[in-house]
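Consider the two complexes below, in which subunit A is the common component and subunit B and subunit C are the respective partners.
Right after this comes the complex of A and B.
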């Protein structure tokens, strides 16, 4: 295991100084909207929480962390923050371009699905990392400081309704921010707001419910209703919805080996069909054990890749 | 916060109903299961009250390998919020020194 104190210290320093766990400004990783017709006014602010954008880089980092898990070399992490400006360009070089492109494509699809269902708008300057890793690792103080910073920006922009892209951001904004800050936004996952049309997708999919949607926010049935509308052929395994099992992702930065072993267990439960995921962390961690998985937003759209 | 943590874990009767659902139980050590994690917290708090400290790498690993997934919580007949107990214990460890892994 990587010493938790090294990871938590690095994370909180990076998030508090730059607003981003990688220690770079959000503009460096947030590019999906540049090739999309976004509106700057509307009813629902699209807020990604940066998780889809960050995941390709975190995955590259984890593949390196895995190499020195349980080794004494891990203490070099102590110095990582001093080399922040060197670290990101290196990470960018070793991160597969297709992973970054896929994340961008997913976000474009989610925005497009929303755009054809509700009055959605996007302001890149307001979109910020959600802070959830700090909360998961028990750094409540840093999480509260960061959450207050995010909420202040949103309140100053007079935001009332927020629609999110992934389960961690949804849970953070809907449940945690009101506990740690004076946030009182109306928060919904995009899966709750969209009205997908019929799509032509062959084959059978198996659903992997993320813990936050299945147990904490209980929106699994609603997701299935939306899937039914599209005519997609899906099935559930025994451990789904409230009884879903974790992909192992939440501990990948601390102990990549155990995280991978948990993913293997989950992959066995899910069987051989193509797996539908709703979270960037689930998608990445399940793929570490070589399963065939795809983000649900890519399936909910027509072949063109966009909702009509 | 420590009071909430104590209220939460004191409900545990060590029945073990939570064990079967935990994705890290295959690690085959008691401290990698929900009941084991609750037990680690209780032992830590007990020793701390006596002025002693439990600084064990294994205990720390048990706590920090919890996924926070909540699979155990719905099986607990006593209503222990296990993921929140473990998470708030991480917060407590963050305040004390976490550095035990050499």
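Right after this comes the complex of A and C.
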């Protein structure tokens, strides 16, 4: 296992200093909206929590950490805390462009699906990392500090209703922020608000419920209702909804090898159909074991890539 | 074995998944056919919460009823005290037959008694295999799930048992153990539930070895984790039924209700070992059905190697924090919440994992 103190300390410092776990300003990674006709006013603020934007870079980092894990050179990592400023430029160089483009495409599709269903708007300056990793690693103090920073910005902008893109951000804003801050926003996952139309997609899909949607937020049935409306042919495996199994993603930075082994088990359970994911971490971690997986937003839209 | 060796050891993963495939549908069936078990579980949780809120009272009550029945009662504050008490009761150069007990693993009693010159034999087949292989139980209920039939055959040769298949091997072990049971000086068991009303000790099993271990020897020691105390017989019985159902074998083949009988010396050692003063009290609701282990994706890959010296897996990480004050292993959890979902007591293990992390964070350089 990679030294948890190293990962937790780096993460805390980066988030508290820059608002971003990679230690860079959000502008450097948040570009999906630049090619989209976004509205600046509406009923529901689209808040991505930066997870889709961060995931391609995190995956690149994990592929390197995997080489260090449990090797003779693992001790080198302890010096990483002194070279934080080098991390993002290097990561950007080694992160596949197509992964970044795919994340952007997913966010465009989610926005488009929302735009055809509710009064949605987006303000890039308000969109911030959700802080969930700090919470997961038990750094409640840093999580609370960051959450208060996010909530302050949103409250100053008079935001009342927030729609999110991924399960971790949904859980953070809906369940955790009210516990750690004075947040009282109405928070929904985009999957709860959209009204998808019929789409023409061939083949059979198998659903991988993320743990936060399946167990913590319990919206798995609702997702299936939406899918039924589109006419998409999907199936469930034994371990789905509240009993879904983890993709292994949450431990990828601490132990990429075990995280990958967990993904392998999950991939076997899901079988040979194309896997539908609803979380950037699930999508990335399942793909580490070479499965055919796709984000649900790319399926819910028509071939044009946009909701009608 | 470390976590990476465990990861590379396919027999651990295969054994756990095989057990999961066999037992998980059984758990569902048990709960569908006997829906009252879920009510029992709720009732049990409520009773356990009440006992834990007033543990001193219940320990005192249970001790007094046991003493009134002629049982000699001891209280061990930690593992070392528990071993010393047991050592004094057992003495040296004795034959000791021992039922499978996680609390005895926790205090490493078998190894200690062996050092004192006793011949100590695990009487549960799986645990005996683990003992002979000088290994660690890979699951709290199915200790030898990671061994193939061929490996078991090889291991059992150490006690002169030979056989071509599982049936023959089991028969050989039965013959071997019978002699030991009949000649044993001391029998040791754990305790699945203790009734503070009657001092009765409830134990479930599927092989029949526990009743032989606890009734044949002239001297019987029951190791009782203090969280096993329940107010009455009815709750103690419900506790073992829920434990069996959530493990996957319902009804259990045998339910033993042990108490002091004429002609046998009986001793009860209450074991604290971090339980009474802990920041993780919710874990004491655990009835050790082992379901959270089988259902956990990290445990499925690492088995009990992900754990402390006795307990592993989701519940084991928290038990290890309680009994060994060892905690960095909590970072291997994905916090996916499956353990809480399948737990009959709905113990919020992910939140306790986070709490352990929170406490550890204070020791980081920051």
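To be clear about the criterion, the second predicted complex is superposed on the first by the 293 of 308 C-alpha atoms of A that agree within 3 Å, B and C clash if a C-alpha of one lies under 4 Å from a C-alpha of the other, contacts with A are read in each partner's own complex, and residues count from 1 in each chain.
Note that a contact is a pair of C-beta atoms (placed from the backbone, for glycine too) under 8 Å apart; a residue touches a chain by one contact, two chains touch by 3 or more.
Since this is a predicted model, take the numbers as computed values, not measurements.
In the three-chain model built by superposing on subunit A, subunit B clashes with subunit C. Within the superposed three-chain model, A:58 lies out of touch with both subunit B and subunit C [touch as defined at top]. Of the two partner chains, neither subunit B nor subunit C is touched by A:132. Using the contact criterion defined above for the overlaid structures, shared-chain residue A:246 touches subunit B and also reaches subunit C. Look at A:275: by the touch rule set out above, it reaches neither subunit B nor subunit C.
In the superposed model, A:257 makes contact with subunit C only, not with subunit B. Overlap of the subunit B and subunit C interfaces on subunit A comprises residues 1, 4-5, 8, 135-140, 211, 215-216, 242-246, 248, 250-251, 254-255, 258, 261-262, 265-266. Within the complex, the subunit A residues that touch subunit C are 1, 4-5, 8-9, 12, 70, 135-140, 211, 215-216, 242-246, 248-251, 254-255, 257-259, 261-262, 265-266.
For subunit B in complex with subunit A, the residues that touch the partner chain are 23-24, 26-27, 60-61, 64-71, 73-74, 87-94, 97-99, 101-102. If you check the complex, the residues on subunit A that touch subunit B are 1, 3-5, 8, 72, 135-140, 211, 215-216, 242-246, 248, 250-251, 254-255, 258, 261-262, 265-266. Across the complex, subunit A is touched by residues 3-4, 7, 13, 17, 297-298, 300-302, 328, 331-338, 340-342, 354-361, 363-366 of subunit C.
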